[in-house]
Amino acid sequence: MFLLNAPIVATREVAPGMAVVSMEAPEIAASVRAGQFVNLGIAGPFLRRPFSVYRVDGESIEVVLKAVGVGTAELLGMRPGDLVSCLGPLGRGFDLEAGPRSAVLVSGGLGVAPMPLAAREARALGMRVTWVHGARSARELCSEAEGEEVIFATDDGSRGFAGTAVAAAPDGELVLACGPNRMLAAVAERWPEARVAVETYMGCGTGVCLGCAVPLKAGGYDRACKEGPVYRAAAVDWASLPSHLPYAVTA
Amino acid sequence: MFLLNAPIVATREVAPGMAVVSMEAPEIAASVRAGQFVNLGIAGPFLRRPFSVYRVDGESIEVVLKAVGVGTAELLGMRPGDLVSCLGPLGRGFDLEAGPRSAVLVSGGLGVAPMPLAAREARALGMRVTWVHGARSARELCSEAEGEEVIFATDDGSRGFAGTAVAAAPDGELVLACGPNRMLAAVAERWPEARVAVETYMGCGTGVCLGCAVPLKAGGYDRACKEGPVYRAAAVDWASLPSHLPYAVTA
Amino acid sequence: MTVDMSVSVGGLRLRGPVLAASGTFGYGTEVPLLERRALGGMVSKGIFLRPRAGTPPPRIVETPSGMLNAIGLQGPGADALIREYAPLWASWDFPVLVNINGESVGEYGELTSRLDGVPGVAGFEINISCPNVEQGGMYFGNDPHAAAAVTEAVRKRTRLPVWVKLTPMVSDIGVIARAVEAAGADALCAVNTFVGMSIDLNAHQPRLSFRTGGLSGPAIRPLAVHLAHQAARSVRIPVLGVGGIMRAEDALEFLVAGCTAVQVGTATFVNPRAIADIHDGIKAHLETHGFSSVADLPRYLPRD
Amino acid sequence: MTVDMSVSVGGLRLRGPVLAASGTFGYGTEVPLLERRALGGMVSKGIFLRPRAGTPPPRIVETPSGMLNAIGLQGPGADALIREYAPLWASWDFPVLVNINGESVGEYGELTSRLDGVPGVAGFEINISCPNVEQGGMYFGNDPHAAAAVTEAVRKRTRLPVWVKLTPMVSDIGVIARAVEAAGADALCAVNTFVGMSIDLNAHQPRLSFRTGGLSGPAIRPLAVHLAHQAARSVRIPVLGVGGIMRAEDALEFLVAGCTAVQVGTATFVNPRAIADIHDGIKAHLETHGFSSVADLPRYLPRD
């Protein structure tokens, strides 16, 4: 785990309102694995804000985001050279290992975030990658999905499959998913063994506050920032995740 | 009184670490009088920060400042086009009227702030202006002092008179002064009728909170933001102004 | 759809749910930027029977997301208030309540008698965060008996609405709330400022000349929402929420937590248009969510 | 000049005046970035005799300059703590105190007996902000008798240092402070979090599943400084200041206000190096001002 003052390098748009921000964080770039995240300290909000690492480019790491509140808005407004305090890599990622011959990546909305790194690691382990990416409409699809096979799904049918990414996805030996919790619950129904990246509110990001509780089927709570954010889909007690909050809706 | 989102126009240095920030605030530029101030809303600090209006240039107003804390630092870091919430003009200024033939302006450090406007108004009323400007050393003198006669004073004698601005000043029919409270107390000793611009902590700047109390010789307290910030030097109970605080040390 | 913004609270019908809080709005003669149409009502700066000079400077200190104040209830006293301000209030199109203060139960009563019936005085807000000089300087508001005694003394002397402004630093605000309800209060205001201190590291002493001050601003909002909610759960009379309201969302938190109206204080210092902005924001929220009045808003208010 | 950063507090000699606060540092096995040399000591996450699952999510909400938490004292219970963590602590070069909790006086006592003498446990910090299940769920910390009873129960069962962590929402913290001092506490910690609430405007209910949570962070600092100061004025035993310390200046405010040491909590979430930064900043301040030790710092502490 490293704590760096990372200079912003560049920002690019990948869908209307959705942008990739890259920052120079050599130690993190060198060590991060797919599904891990960084906790960013931004001037406005009090607490840090967690973001999956999207890509690594030399000494830089990238995160992808939309403005949903004060922290994301400030991050998107930063200019090259501005510094962001970057803590990471954090959490347990997808932990890919050699074995499966094919991987299906299922992402909804901002759930694209951990997928480019996952695709890279899966390929490096010799897997064939199918990436299924869903959004409400064609406009909101991230322009950077990639894989041996890419399947788009839109709720309104304006591009690709008309329906959810989960419905559009083929089966695979290994399924990785990220998106709103209700989507992940659907993933758990279909592929109990899928590995899913869960979103929670976080206090510390480092395992000390117990704020990021993920309810487990086996009872009790795990820390999303430490034992997670990636879980076996069947291990999570999806029904006990808050439903009345705009929680994990960033996807 | 106006509340404007004023775009920063430019920033220029007038002494090491001391800069003039100009912002577009047409209604305020058109109506402000010497000694009045604006209360600026800046992103970082919770409360607004009061600043004397330094000059007026067309539709812009200028303020002069040093970084002494979070608000001043942020203001100095702002770039052209950035917006600052500008409330003003506030308070009662020097209220110059025709009559005296000569005016002596005495300023210590950042006490230069209200003087350029005061010099302009005094001249417009036909007065001859002598400006005495003091600082710790030549380096810290504001480069923009002006008048029919300009006298510099430095504590270390590195430029002009060796000693305080008060000691260096000639007598005049009208004396206007601004600077640290201890300097103003000395002004009050020498020229009880001088008009002095006092600094206090402020809550609202508009007269509703009673936070900016100025102790009066006559007893009780005045509001620096409403009845002040300019007072007849002899009217203020200088001994009751806090002495143990870094209060009115910005000058 | 037009939204009905009016509310009935503690004996008054107000055209809107947003009031100006005591001590942050003077006597209503300043703050020219505020759009008055948005003002549901106003509570005057706290007043004592006799004039008070207040505390020496410094009186305020900024803190993270808030400020401490120790004004010391500077004010002109009842006679000057009646002479100079009440006649203005009498012509305004929103009610002005007077925030009343005393050092003894008797003083509260006397002040009420003096002000009752004066045109322009629409009601009383009792500030029980005053030290009870007769009982060793403990706040009236910390003791249910003392709080009730003050309320009763005021209640007996007026038929105008009597609101009681609660002190936050108590172990169970419900006990105080019930005590002053029983003593005849028409509404409660929750809450006043929290006692705090800030230290000057060069002087090695408090920054405020009075040593301690009252903390206001968004820093206290979560605490104030909780206390207002607790108060609202404990009584049948309406509660006005106060504490750290900067935006319409903040005011809505208090309303959903069981308050009937809100008061806005420190926000006005930061944004002299705050009350109008908050009023308009509440209206927009009600419209967006399809509620036809403030009273329509769903309340989260399990009863004790 | 070398500055002596060590302090003596409540039966322990610490190499520095900055400790990690309970619940914000786990069991000391995380936070790898912290430079341990700076750590005066650590208080473990609050523990009950038996394992506790804690509250369902959401457990935290950000607020202006602070956060609410409702973790529900999730923890593995005494046996697991003794098995898994105490052996590690025994080898560390700073003392670890256990933050102990209970639903009855008896439970506090039993937990103390269980932990007393376990290598690695250097002392006890009693969390009296627990609901007293036997007495209708009121906090032990709100009632001087209940607070004293818990302190006595712990004191009787151990010779290790016993610190009592005070609840902030009381009308007179001095009364509680004196009660637990008389009951045998070696030091006081002031203060725990303040109860707050945050409302979700779409769901029209509290954001936290537990409805209320404890407010921490710089928002509460002026309140905590005041309460720590009040506590320090009321007793002879040392007081540790806690609440909203982010930087060395904040810690120094507590020290000047009469505290002997400080605890840092939420700051660690924002800056995992906070404790080291604060320790170093205090040292630099002492050097700059020519003080040779922490004890040398002038105190503003008029006695009650």
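Each chain carries a letter (A, B, C and D) given by its place in the written order, and its residues are counted from 1.
Note that in this section contacts are C-beta pairs under 8 Å (C-beta built on N, C-alpha and C of every residue); 3 or more make two chains touch, one makes a residue touch a chain.
The model shown is predicted, which means the values in this text are computed figures rather than measured ones.
Between chain B and chain D, the least number of touch steps comes to 2. Placing every chain at the mean of its C-alpha atoms, the farthest one from chain B is found to be A. We define each chain's centre as the mean of its Cα atoms; on that basis chain C and chain D are separated by 33 Å.
Distance between chain centres (mean CA atoms), chain A to chain B: 53 Å.
Here the CA centre of chain B is 36 Å from the CA centre of chain C. Chain A has no residue in contact with two or more other chains. Multi-chain contact residues of chain C (touching two or more other chains) are listed as 61, 63-66, 205, 217-218. Across the interface of their complex, chain D is touched by residues 1, 3, 41, 45-48, 85, 87, 200-215, 219-221, 226, 240-242, 244-247 of chain A. Across the complex, chain D meets chain C through its residues 61, 63-66, 68, 138-139, 142-143, 169-172, 194-199, 201, 204-206, 212-213, 215, 217-223, 225-226, 229, 244, 249, 252-253, 256-257, 285, 297-300. For chain C in complex with chain B, the residues that touch the partner chain are 23-26, 30-33, 45, 53-67, 69, 71, 74, 200, 202-203, 205, 207, 209, 217-218, 266, 268-273.
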